[in-house]
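Pasting the structures in now, so scroll down.
The following pair of complexes shares a single chain, chain A, combined with chain B in the former and chain C in the latter.
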Partner chain A sequence: MAVDSEALLRVSHLTKTYPMPGSGFKRQVFTAVDDLSFEIAPGEVYGLVGESGSGKSTTGRLICGLERADSGSIVYRGHDLATMSERERKPFRREIQLVFQDSSTAFDPRNRVGRILEEPLIIAGVRDADERHGRALSALASVGLLAEHYDRYPHDLSGGQRQRLNLARALICEPRLVVCDEPVSALDVSVQAQVLNLLRDLQRTTGVALLFITHDMRVVRHMSDRIGVLYHGRLVEEGAAEDVIAHPSDPYTQELIDAIP
Partner chain B sequence: MMANVKKALANKGFVVGGCIFLAIALIALVGPLVWTVNPNAQEMTLRLSAPSPAHPFGCDDFGRDLLARVIAGARVSLGVGIAVTLATSALGLVIGAYACYNERLDHILMRICDGLMSIPGVLLAIALMAMMGASVWNVIIALSIVYTPSMARIVRSRAMVVKEEPFVEALRVQGASTARIVWLHIVPNVMAPFLVQATFVFAEAVLSEAALSFLGLGIKAPDASWGNILQAGKNVMRKAPWMIFFPAAAIIASVLSLNLAGDGLRDALDPKTKED
Partner chain C sequence: MSEHLLDVRDLCISFVGRDGNALEAVNKLNLHIDAGEIVGVVGESGCGKSVFAQSAMRLLEHEQKMAYTGQILFDGEDLLARPLKRMREVRGCDIAMIFQDPLSSLNPVMTVGAQVIEAVRAHRKVSRREARNEALSLLERVGIRDAAARFDMYPGDFSGGMRQRVMIAMALAGHPRLLIADEPTTALDTTTQKQILDLLRDLNSSEGMEVLFISHDLGVVTSICSRVHVMYLGQIVEEIDACGLMERPSHPYAQGLIASIPPLEGERVDTLADIPGTVPPLTAIPCGCRFAPRCARADERCRAQEPPLVAVNACDRSKCWLVEKGECHGC
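Right, the complex of A and B next:
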């Protein structure tokens, strides 16, 4: 099991169910994630593909600790995050970050860009205000934003700029894994490519691993080293990105590929 | 924030209501320095005398100057209003903000609030005053108990919405503590409905204090309060209508101006009227 020791994140038999609304006494449940297992190596870009409702966002939220799994394990560098208490989990928080789909609600509307970028540093215990300021400015520069954006409010920025800010915030504490949940699907097509290229560049220079969640096969092909295809909460196919797209073995994967215009 | 201030100042109701209320507050504050007549000095020969240049509001049934008494009453009424608003605001913020973060606490606190809110406010205040005895401090305590649940409810319902926003989840992913999220991010984002409710609580507290004093459960004679001047005036309503008119006008002006300001503030801070 050489792969095991290499894995940054190993998800095994992960299951998450939600009670169905209005099911009364029958206690019906909706299984969002069903016995899901996969691994992400350090510095790897893993694409998780599936249509909406396939459980891909729930998987991301489970890994980020926004939801609790019903069963299964999420082993991050030898520690099982799924069974940890909030307190035990805290030191691992900043190593796994999340980029949201909708950048218009991803920031406190009352905070300026500078504060948005410095808050993760404050939480991480960076006491020196000058250091925080410097790191915020270099984070802005690294995503192609300007120093003058530091004093702006997020609603003063365009959608593309906000998503760049989102990336900057996720990366400012130098995480080892970033979960990107449909990071470009809310953007114009012309802006999508820019943000994706930026993300790819940042990934290469920082060596951060990405869990790239999307419904768009084109995007995932452009981004990922490996792909997992999710269907009704189950992994139906997994493999190197080129192989899966060239020779899909599952009919559902074929459907997703056929959907590429 | 500045945009909100600008929007509020562009709202006619808020500006008019706010100005009237500030004028009343100013009179309460500096009135006794300008009109230096002792509100408790009795002059039996002037009993129920009509308004005159020496006594612009007339005199009451003990020959006390009504203008001085209405000003003294303003200090009591607005003082009670401020104290009740501050107490309910502080309690409401803490209860509302933490209730949305702890399910069990939420259930307990909200059922207590339900219980308190199911009793009509003035009735509950009367019961509390009967238990504790009449005094200014007890009026403040009783009215704070009466108005805290509605404040907590409003803070909680807004906080519940803010808590589900992705930016709060982003903070959780960053490892922010609950206290940091609640005080630095949720509380500032519930300020709009909170401030609106605070102005309404202020208005209701002024009204309820008058009601309690009118019923003899609030401010005790000889100290003046708009409510107990009305109470004394109701017996001599035909002979000396000014005893009813001036304190009633003071109550109406302050409650109306506060409600006007609160309505204006609500319109100005309503996100639906935001253009961005």
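Right, the complex of A and C next:
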């Protein structure tokens, strides 16, 4: 998909540092995200790849507002999320959702599937219980789960089913952007293919934009329109997914591709 | 007498519950390792690959009642017939093992050097000084640069790849003839994974140490092993030369696994081929061919009768009724 003139999300010069453990008064800092800039167009799938510690998850958390940036801006449809107060940010939370890697810890274990799906709707102000119930059921159906799963607990579901639930929860409020942080890394290959196919279908039908964070070059190539390669918090390469993987221009990207067994 | 160092014959492994019910995790497994070989076992979670690996070291019986039939012959001796107390003589000396998560396998409050020294002295009566020198050379052997300076550091100061190198150094301390590597690179980045695989390959060829390599990752297994066993629900469904696994697997399950890997080159596909359904629990093992309920080609016979594992050609054995025998076209 071509980049729209109007970006959905424009990240510019984003920087996030953490104090180094044990550095005490010396105030040494670890720069997790270093002067990072990229854009996501409406309906685009943007893949962010890198190894552990490259800052890809931190970037996702910054965009979702789970962490505060040190400097830089995250402009979402004309509003800078990075400098907003919590109160100002609240209306945008519905529009940017997050899917985590580990589906066994992503849900409150005491809540049933129905409650898990309806909670975002309650927060979004859907008062009518029947409407919530109906939307939860159709969300279940849209990810290939059954109505009977409504009364189950997350631990009753398999890893693949839980990741489907994770997608259903992220999509139930009809967001414009979903940050997917390693959504299939914990799954077996055959189930991974099922979830990737589902995610791609849902993305096409709803037109939601995805920030797809992964360490897996195969998965990112399959899913993304464009990809950015992160190394030590910096974007070392960016371009159309197939081009970057077929003809990497940065030596680090080349190294990543060569290491694929 | 068996001419193979490790020769597993008709191995069945069951977990015995408190109520006496048994759950069979591994069914009629046959596997052997030829001299100097790296042999792979690959499968999805719950297929029994780790249960098999840990049973070869008899690690499960301490916490759990197990029932075994069949034999695990190591150098001609059946390890299952050995009293559990005498397994310590085998562990680390003849057979060593490394695990997926090196951080939880290392003691976090003991220096790396002390742990390697401990491993050295567990196997041979040597002085502290000798043990220290040997530990240093082991750490250097597994590619830890500046080993002397890092000797007194703690596992927490090491990166994931370095920790796995330490684990390998400890495994080498008893000069084992067989190394069982249970998902040794799963927790590592791909570039680090490549280094660890290179190291294992190097140890295999230079020390002649045979390796049983367990992984869920088909790419990793084909890159390091010479022969690969694909497991599904406790059974080996395909045994094939590693070079053939990616190109021409004959079992539908192996074919499905390979088709579901997103390609790195060529035209991008819209939908990946997936294997429908999920791996059933051990309490509900299908009759007939265990893969039949998820297999698109399954027919009446598949659902009723269990197929044997038969040779398809010179380098491929498959547990499927529908596979046609043919020539091996080589690699």
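Here is the rule we go by: the second predicted complex is superposed on the first by the 256 of 261 C-alpha atoms of A that agree within 3 Å, B and C clash if a C-alpha of one lies under 4 Å from a C-alpha of the other, contacts with A are read in each partner's own complex, and residues count from 1 in each chain.
FYI, a residue touches a chain if its C-beta (ideal position, glycine included) is under 8 Å from a C-beta of that chain, and two chains touch if they have at least 3 such contacts.
Quick caveat: nothing in here was measured; it's all calculated off a predicted structure.
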**Asked** Just from the overlay, do chain B and chain C fit on chain A, or is there a clash?
**Response** fit
**Message:** How many degrees, to the nearest 10, separate the directions from chain A's C-alpha centre towards those of chain B and chain C?
**Reply:** 80
**Prompt:** Between chain B (first) and chain C (second), which does A:Asp108 come into contact with in this model arrangement: first, second, both, or neither?
**Reply:** first
**Prompt:** Between chain B (first) and chain C (second), which, if any, makes contact with A:His215: first, second, both or neither?
**Reply:** second
**Request:** Have a look at where A:Cys173 lands relative to chain B and chain C in the superposition and call it first, second, both or neither.
**Result:** first
**Prompt:** chain A residues in contact: does chain B have more, or chain C?
**Reply:** C
**Request:** Identify the partner contact of A:Val191: answer first if only chain B is touched, second if only chain C is, both if each is, neither if none is.
**Result:** second
**Request:** Return first, second, both or neither, reflecting whether A:Lys90 touches chain B, chain C, both chains, or no partner chain.
**Result:** first
**Fill in**
Distance floor for C-alpha atoms, chain B against chain C, superposed on A, in Å, equals 13
**Request:** Could you tell me which stretches of chain A are touched by chain B in one complex and by chain C in the other?
**Result:** none
**Request:** Provide the residue numbers of chain A that touch chain B in the complex, in ascending order.
**Result:** 64-66, 90, 93-94, 96-98, 100, 102, 105-110, 119-120, 123-124, 155, 169, 173
**Fill in**
Listed in rising order, the residues of chain A that touch chain C in the complex are 51-52, 158-160, 188-194, 196-197, 200, 215, 217-219, 221-222, 241-242, 245-246, 255-261
**chain A partner contacts - residues on chain C that touch it in the complex** = 44-45, 160, 189-194, 197, 216-220, 222-224, 256-257, 260-265, 268-276, 278-279
**Fill in**
Per the touch rule, the chain B residues reaching chain A in their complex are 1, 165-167, 169-176, 180, 185, 188-189, 276
